[in-house]
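Can you keep this structure in mind? I'll have questions shortly.
Note that the chains are named A, B, C and D in the order they appear, and that numbering of residues resets to 1 at the start of each chain.
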Amino acid sequence: MSHNAYLPKLGRIAAIKDEVPGNRAIKTYQIEFVSGDGFEHDCGQCAMISVFGKGESMISIASAPHVTGYKQFSIMKTGRVTTALHDLNVGDIVGVRGPYGNKFPVKDWKGKNLVFIGGGVGLAPIWPVIQTALHHKGSYGKVSVFYGGRTSRDLMYKADLDKMREQADIHLSVDAKEDGWKEFVGFVPSNVKDKAPSPDNAIAITCGPPIMIKFVIQNLKELGFTDDNIYTTIENKMKCGIGKCGRCNVGKDYVCVNGPVYSWAALKELPPEY
Amino acid sequence: MIDVAAIKAHAKALLEKGTVRAVIGYRNSTAGLLAEPFVFTGPESVDDLIYGPSCVQNLALYLVNDKKERAHHKSDDARPVAVVAKGCDARAITVLLQEKHFLREAIHVIGVSCEGTGVVDTKKLARKLGGKHAVEIDFDGGEAFAVTTADGVQSLPAAEIMAERCLECRGAHPQLADIAFGEAKTDRALHTPFQAVKHKMKEEQDNRWSFWARQFDRCLRCYACRSVCPMCYCEECVVDSIQFAVLPDTTAEEKANRIKWIERSPNRSESAMYHMVRAIHLAGRCIDCAECERVCPVNIPLRLLNTRLEMEAFETFDYNPGSDMNAPTLTSSFKDTDPNSFIR
Amino acid sequence: MTKTMAMEKMLNKADLAAWMGKLETHQLFAPMLEDEGVWNYAPVVKAADVALDQPNTVRPPKDFVFPQRETLYRFEQVRGEAPVLTETLPDPQPSVVFGVRPCDSRGLVRQDIVFTKEFDDPYFQGRRAKTIFVGQACKVPPSPNCFCNSVGGSPSSEDGLDLLMTELDGKYHVKAVTQRGADLLAKGGALFKEASASDKAAVAKAHESAKAHPQRPIKELGKVAGALKQNFDSKAWDEMAKACIGCGICTFLCPTCHCFDINDEVTCSSPCKGERVRTWDTCQFPDFTMHTSGHNPRETLGSRLRQRVCHKFQYFTENHDMPQCTGCGRCISLCPVGIDIVSVVERLGQP
Amino acid sequence: MANVQETAKDEPGFEPKIVAFLCKWCSSAGSDLAGVSRLQYPSNAVPITIMCSGSMSPMFVLSAFNKGADGVLVSGCHPGDCHYLKGNFYARRKIYLVQKLLQFIGLENDRFRMSWVSAAEGVKFAGVVDEFVKDVKKLGPQTRLKAKR
């Protein structure tokens, strides 16, 4: 008898960190499996998190596969389930099922330079790839990270990014001028254009608001990145996570199974219904 | 008899002169006997316009949809839209005007009288024809329909295959119209209004409950009754699963705290809630086009439910929905003589 | 289901009730005329009342394997503590469904694909394993909107069935398609006679003449997927959806549609107690795809009509090499405003 | 929403759960008066204060029955006494319609009731509740509209 895919495992919230305050607050959760029978995951995969009585949400796993003690999730407060998650405390138990979806082809990227471009909470889905690349430092080329938010308060993982500066080029940005901000002022795509990372032997990985992704891709192409060297992730409303409920269906794909990771070459082939 | 050619000529002239953006009317459907609502935008397309007993749909719905669509596309064409309206359609438009859903000058009503007949009930027709499929239906004089089957054309008394609501109709001639086709017949000696409701009210309460409980059990919650109702224009309904009106400043808490009044499960209790909410929301607004009942794929007698309060509106409060666009609505008005003895 | 050696038997029509009487280990269902005048599957109360050659049911038999509401599990959680989850896998009484039209059984084949690909769905599988489907070959198309021939099926298709029954003056020809179908047949014992060569010839003829009956045509099925892909951006989608009222009839009553919603139904807030429930859902409702942010990838009626048609005739075909439509015609006949999938495919799905 | 799921299931000791929607200005004050006057009356009514009987949504009535209320009471100011001048007149029409509809689908007549109770009518309030509870007791638990969960 195979395991019932709808039945979640139980996860205990081991740590909660406030990343971004305000109406669209972001908190980072470290969740460890209650009975130790968790699952392994690959970069880019997601998990369904349950708050019983409220529902389930598909969230990308923000920790790297080599981190085994817990799974990390950075969650923005947007609706019923995420608001309930934001009300939880350390020690509270949630449901976790997964891992779902495809993965970033990180093994194919050995020896290549990696350019990460994130906006807002969109740093979370690409975070495990950044961590993996830095963890196996010798296997990959140069790592650069472009990351921006509306204001400096909207940036998450700030301490981690600062620590990372020795190992990677970190290019932060905020949308508008603010006191004490020494880095780039402007939108993320402009920062990318400004720093002009070289497309030679490089892969660009981007995630963020749809409008940001659109212009990032445009700018990357101007810089000479080809469609199959640009990767992004998409999201759609999901319920089952296992390719049955039909909600995330786009073209022949079910994003929960065939996505969320797409090369721009592949994504272009899908109807723009995400 | 309705002069369909004259309706077409009028519609064509409107579009040729450009006095209207479009004409909402009917055309033949490939799906079966009944007509298909269609939005005619060019003068030449009007060649497909039809009118007959197969034109059952209430086109007031498409005025509501047109408004939504225009908002979506941010259309700035200020010309009115024309709509073909039977008596019941015109009553629906009147209610929408009364509720200020759109302005009178935004619509051009092409009224069509049902004269002595009405529209066909395909279920009655199927029973009448036994196993044969009707492929065409038309008016045949003032009191009959000409029905075409594989065996040829036959004339059937309209009263035998007409929709129940037409038999009980109290306003077969559109009161609200910029132009009207057909004559107003005052001697429609068909059924007594509210006959079906009154008949059901005579039943024992427990039997009525068994009857409705069965209907609520059978409901699929496909929401066709809601979708087809011109009065169900709320942007968001209590049965919808999420909040539709999401603005940039809508907070997560607002979305999270949205009350789930009715569960999605097609249980008796939840479906009862759904239909009751709709019936109450239609009080004084339902103009008895009976589209809800017609579209129900499992034949839930929704007209019976929704006309119950219409009967009350008419008989207790002397209120006739769709008769006066300037009158206050049933539930936004009161009289000193309203019933009071039911209150302790 | 395991295929078996073709076993073909004859049953007198009058003996159908007797055969049903021997199947007491199973709950029996057959199409019945409800008081409200619609045909639907209902438990067989009096076997003598069962009439199989009737119009097709309004609700397709997918109800038996994918009911409109299914409890996935129950939960109970005291705040701050671990929840207790109680799995509620279905364990229905074995049942036999009679009178299943070949279009609907081919719908089951498509449901099988969806509910077993990549991940198994134990709720579906639990019900599927306990339900035997007995087909009823069509003599004439039960609806003027039938088009099974146009989508790779036929009025006597055996796909997805355990047994196929064909009416031949006063008798039923019964063919076992699967082993469990053969077992069911065997329970009838002496009621069944071996089909003779002339019986077999008569059946073949009956099937042929049924197939020859004119139906709604889709000319080049093989080219539909490609044409739809080409026409994704066509303005015709919006135009054809003008009449659409946005209800769920076409999808809820489709034998192949499988989309669902999952919700928590809470009966008590402290401790938090309730059920996680799945219910049918449809791509025709705007809330189906709307993100919490308010962004809706399929906001218009036209885009939702396109999703329904393309999912059936392009996406599913690209993935599984068959259309996810079996030509039952329900979505056409039951559409309140006459939206006609055959016409849509003819218009945008042909080269 | 008040959690009124758990009602006594045994007929003999059946204590009906009544949800009473009381207007803030009259009936709610009337109920308070009944309390401070130490009047003896059944404790079956769960009071929910609303701003005006005219603000009473039929959805509240249906939801109360859905969640297991055995009876629902709506109570407001006497005609002419409305704090908002006309709210109770609107309520009268609306509640009348709701009542007719509930009766039509076959909910027992005595399960839904409206009353006029002023702030000074503690005694009347106690009487209304007492009578309501007695009538609903005769009917037993409300099962028709209650969600089976």
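Criterion: a residue touches a chain if its C-beta (ideal position, glycine included) is under 8 Å from a C-beta of that chain, and two chains touch if they have at least 3 such contacts.
The structure displayed is predicted, hence computed values, not measured ones.
Peer 1: Under the document's definition of touching, what chains do subunit A and subunit D have as common neighbours?
Peer 2: B, C
Peer 1: Sort the other chains by how far their Cα centres are from that of subunit C and give me the top one.
Peer 2: The chain farthest from subunit C, judged by C-alpha centres, is D.
Peer 1: Measuring from the mean C-alpha position of subunit B to the mean C-alpha position of subunit C, what distance in angstrom results?
Peer 2: 31
Peer 1: Take the average of all CA coordinates in subunit A, do the same for subunit C, and state the distance between these two points in whole angstrom.
Peer 2: Between these chains, centre-to-centre, one finds 39 Å.
Peer 1: What whole-number Å value describes the gap between the mean CA coordinates of subunit C and subunit D?
Peer 2: One centre to the other, that is 47 Å.
Peer 1: Would you kindly tell me how far, in whole Å, the mean C-alpha position of subunit D lies from that of subunit B?
Peer 2: The computed centroid separation for subunit B versus subunit D comes out at 35 Å.
Peer 1: Find every residue in subunit C that makes contact with two or more other chains and list them.
Peer 2: 261, 263, 265, 269, 274, 290, 292-293
Peer 1: If you look at subunit A, which of its residues touch at least two other chains?
Peer 2: Where subunit A meets two or more other chains at a single residue, that happens at 54, 78-80, 82.
Peer 1: Hunt down the residues of subunit B that sit against at least two other chains at once, touch-wise.
Peer 2: Within subunit B, the residues that touch at least two other chains are 242, 255, 263, 267.
Peer 1: Taking touching chains as linked, do they make an open path (line), a single closed cycle (ring), a hub with spokes (star), an all-linked set (complete), or other?
Peer 2: other
Peer 1: Any two chains that touch count here, so list every such pair.
Peer 2: A-B, A-C, B-C, B-D, C-D
Peer 1: Looking at the complex, which residues from subunit A come into contact with subunit B?
Peer 2: Residues 23-24, 54, 77-80, 82-84, 86.
Peer 1: Quick one: which bits of subunit C touch subunit B in the complex? Just the residue numbers, please.
Peer 2: 34, 36-38, 40, 58-59, 68-69, 144-145, 242-243, 245-249, 252-253, 261, 263, 265, 277, 279, 282, 285-287, 290, 292-294, 299-300, 332-340, 342-343
Peer 1: Show which residues of subunit B lie in contact with subunit C when the two form their complex.
Peer 2: Residue positions touching the partner: 29-32, 34-39, 57, 61-62, 69, 72, 123, 133, 218, 220-224, 226-228, 240-242, 244, 246-247, 250, 255, 263-267, 291, 294-295, 297-301.
Peer 1: Looking at the complex, which residues from subunit A come into contact with subunit C?
Peer 2: 2, 4-8, 10, 34, 52-56, 78-80, 82, 89, 91-93, 95, 210, 235-237, 239-240, 242-247, 249-252, 257, 271-274
Peer 1: Mind pulling up the subunit D residues that touch subunit C in the complex?
Peer 2: Answer in residue numbers: 3, 5, 147, 149.
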